[in-house]
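Can you keep this structure in mind? I'll have questions shortly.
Order of writing sets the labels: A, B, C and D. Residues in every chain begin at 1.
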């Protein structure tokens, strides 16, 4: 993972309603020295953020090339080499400005547009992050408290990263990762700037990838045995069903919290990076069946079991459910509960 | 339809490269062709595969794709899709599973067999036009279930518990080896469908099943039943036969005792019948006694002589008639004897355990027969003696 | 919630093995101006940190007063008024230095000792946080990247907060909240400095409070109905049982993640602030029974149900468990699964 | 011990201020006294309370405390502990619950009653020395369960299902109102403990129970049974009585009485058959009386002598024939006797209680047999006597 090019432009206003101030650099920022800390931060940015995943397209049509994609096409060759990184990013920064100005978005503050091209897992990526400064405090030599400003690299509010390799291959519909914030207005203008849209058939992919992500993580990262791995899948299934019942959006970080409460962040990160999962998961009912679980909760009862146990160790008869085998821990708990009676009656 | 699905499954499974079984799914790399894509779409419709796959180009991971989004580029030679196939799916119209044992562990599919089967271990496809012995036997296994169910229902034990002195619960699961046995329940079904003794037949089948299977664990019972069906069938048949025999047993006992009394009194009746007739002989003698007159010597042409001759002749005729009659009784008795011997012999043969009792009853009849025959000889003797007496009287009348 | 006094002293070394530099202020920091941002940060510090809870004591004996407590006794009256905040904090800072020097801890770096006295829910608190500076980056006017330093107020590495009101009342064994870090060496020296120890009978309290925290949050913050509230308790029970089986420490944030995956942080915060729960929860088996749940997972099955359902709607007979009533969602799922057979056979 | 726990519970519950029921726990504020502390510790030991409570001073929240850590300061007047008590705990040795219905919904506590009970709704404590009518009835309810269980086990239905023509499953749960009925099963238990007709009694009890309860839902059955126990008992008793009657009269008495009549008339018939024939003997004597003539001494060759001899011989022959005939009847009777003895012996063996009655009937037949045999002997005697008379007459004719 290495940053090959990085450049900072700025398009921002300090207060609502003021004019936009624009300042474009004419040469790339160095990736040496102080900037090394920036590049570390930049690489982390997308790993820790809640992202959506999609492709270029306009109004749901991925055959149409949005402006952003056309610029990329202009500067990137088939080997993902950029003919002129500075010129490309300048054109994109101007495009950014024109989106804000054209749509008369007087409350959009803009910020530092950091463009960077990096390589990860042999794939070339181009990312743009819109960053702002944050105010901190420092302690002066006399131990008095003084103000201090830094670029907020902890949180990505707006940004997009394009997997150029996949994009060029034309085999993928999931090569843009983007974060657009929650406010509809911000979301809209930024998606318009990038020209990206969510993958329409995401549900199948994501439901499936979530399962493999859980299995993969439970098995390889946590070293759990098959029974526990299967329980993790069951918990995810249970949680997703529950959220669907409530009509809630299923979120990756929530699934992580529920399934791997003690390693939630690590799992979320892996699911994002390795399994290309976005924060807002689209769930496909058919693929969810491939979790091979049956589960339900209510009336003081929560039950989940493997689908293929039905008719073998689990029997259903007219509303009555019988388990001929139960987990040892449960059996122990029940027998403990009944012990004075079991001892007496039998 | 089921055949198409299973064909598609077999085709895709065979085409998977570096295939491995993981978490209930076959996973492997597939070089996609338009034909395989159609098959996959069919399978995705059946939820046998997700329809969305990771793909690699020249061994390098490269995104993922949905079947419905494929472009021409996806069919390139250097691209492989990471396809997963559900390894087990047992539905009512088709089943995909590793082998017989997996299918036979599913009660529902034992109770109600599935016709289209694909075994992934052996890549075998079984369809109704298939002659595989195990398959044919499998399709018949449900008859054994229905047989048990019929009995269970008749004892109010739902579809899986036969109550006969104890509850005998079945779990309808089998092993592959059980399918080596062919299921032939025709004899039992025929028996069960009889109108006669219906309840008794059900009852004795339950009894046989219980005593046959009570020592097996409920999980093994059905399997044991299938394996030893022949011996169960013969047990039931034997049991039925002995039931039918026992059923008449009491009647038989009563019957031969009655027969004994009947024959004994019949035989005695033989003499009783003749006895009255015998009483006519003394009357004849008495008549002769009064009628025979002394006749002088040479008076052979006298009336008295004629009368005497006729008296004697009458007595003789009477005696002859009686004797003929008495002798006739012998043949009556011998006919009867033939009859009762026949009856008792067949009884003794049918009910061997009762043979000695039957023999005794027969002996009773035989002794009655002997007595009656003795009496008949006595009667014949007495008749001859009286005739002799009359002739003696006749001779005396001439003072010879 | 207001900060009444705040003062910053510094006792630190820049590199391992160097001498400690000490600088003590002679007057309190102002709580106005720039420091307002500091105080906001300080108040948040303990809310967001993973804390332990305990009382003053030495070697497990809470009858013995450690040095820290003696200093407090010296300066605080029964009304929790401090006679000389500056003198108190100076003595404490010197005590801090002597702990490090006395124990020859050459790797302990020390830092900015921020002492502050604040009021929360009518209780008076004295807190000490050991903070360090963090390096950030800033963008200069020419869009070059430059270094910038701020005091790291996002994370509390070492610190303690004493509820003076409870401490004075002598009715509590849970008036010190402290964060000591994970490394044993750091942990030891800081606990020695404060003279605090974990409440020995914490298990009963914490197990009980966790349950009420969950019920309270589910009912009042999430507006869940009784059935769902009971499910949340069941999930917590299930998770705790699972962790106990694995021999793991039960952690508050993990319980939060599992039980309230979508509002984990908010719940954790409430549990900490309102219900006085520490991060490392001590669990008492007897009190855990008051969750009134039976649960177990394994062999592809996970089951949990209300304890009082046993012998009524749930029957156990020789290893076989029968539910005469099951959740609607599960019944629907099972009937869907069996539908082609149900339609045919019945 | 159980009493102490329940007493402590009652005391603490009563002492709670602003008590409310929440999530299965009573929660309220308690001003602690050393006595209450002891009670709480007892309850904590039983897991009825956690033993760790939040506390407030002057209404202001102030930390929490464990019972074992209390200092003198905790007993101050202005301090309240927020104590929770488990609202329901049903164990085998004591039960705490809101009311009867809660207790009676627990099958285990219906099957095996708990002796120490505390109802939180009414703050009532029930212990074995308590005379509360519902309590007394509750303690007896398990007898009804055991009665059902005994029947169920005899039909192999476990402890809760009686199989009699259909399965009748019980859920042993009740309502408070069911406890208004007293449980008196003595009559049924007495009946069940009879040695005689054991199977039949079980069977008819099952039949009565099934017909009594089949229309109730399984949840209501036990309750209905308890409420209508009297009418069930009388049904069973009636049914048993009519069973006993049906059993002897119809099946056995009728049979052996019929047999008796049949055999008695058969046996009498034996003599009647021979009686007509016997009349021929006097006729012969009368004839002899008229025919035997005096014969002079030495006139042995006279006609008269011959006639006399033939008359006597005839009479003798006649007598012999009759006697043979009479003796023949004995064997007829003995065969009959064999038959009826067999019949009655087997009857007497099968129906032991009726043995004496059956014996009497058999005696009737035996006495009939004796009479007939006596008559036969008389007839033989009379015959011999008459023959003797004739011979005497014959001798007298020669003045020897």
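Please note the rule applied: a contact is a pair of C-beta atoms (placed from the backbone, for glycine too) under 8 Å apart; a residue touches a chain by one contact, two chains touch by 3 or more.
Please read these numbers as outputs of a predicted model, since none were measured by experiment.
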For this structure, which two chains have more C-beta pairs in contact than any other pair? A-C
If every chain is reduced to the average of its C-alpha atoms, which one ends up farthest from subunit B? C
Taking each chain's mean CA coordinate, subunit B and subunit C are separated, in whole Å, by 80
Report the inter-chain centroid distance for subunit A and subunit C in whole angstrom, where each centroid is the mean of the CA atoms. 28
Calculate how many whole Å lie between the centre of subunit A and the centre of subunit B, each centre taken as the average of the chain's C-alpha atoms. 74
Between the Cα centroids of subunit A and subunit D the separation in whole angstrom comes to 78
Multi-partner residues in subunit A (2 or more other chains touched) are 230, 338
Do you know which subunit D residues sit against two or more other chains? 108
Given the complex, residues on subunit B that touch subunit A span 23-25, 47, 50-52, 55, 57, 60-66, 68-69, 71, 73-74, 79, 86, 88, 90, 105-109, 173
Subunit A partner contacts - residues on subunit C that touch it in the complex: 8-10, 23, 25, 29, 34-35, 37-38, 41, 112, 133, 135-139, 143-151, 153-154, 227, 230-231, 234-235, 238-239, 241, 245, 248, 251, 253-258, 261-262, 264, 294-307, 309-310, 314, 316, 319-334, 337-338
Touching residues (chain side subunit A, partner subunit B) in the complex: 121-122, 163, 165-166, 169-175, 201, 204-205, 207-209, 215, 226, 229-230, 276, 284, 286-287, 289-290, 292, 308, 311-312, 315
Contact footprint of subunit A on subunit D as seen in their complex: 91-93, 108, 111-112
Please name which positions on subunit A make contact with subunit D in the complex. 338, 340-341, 344-345
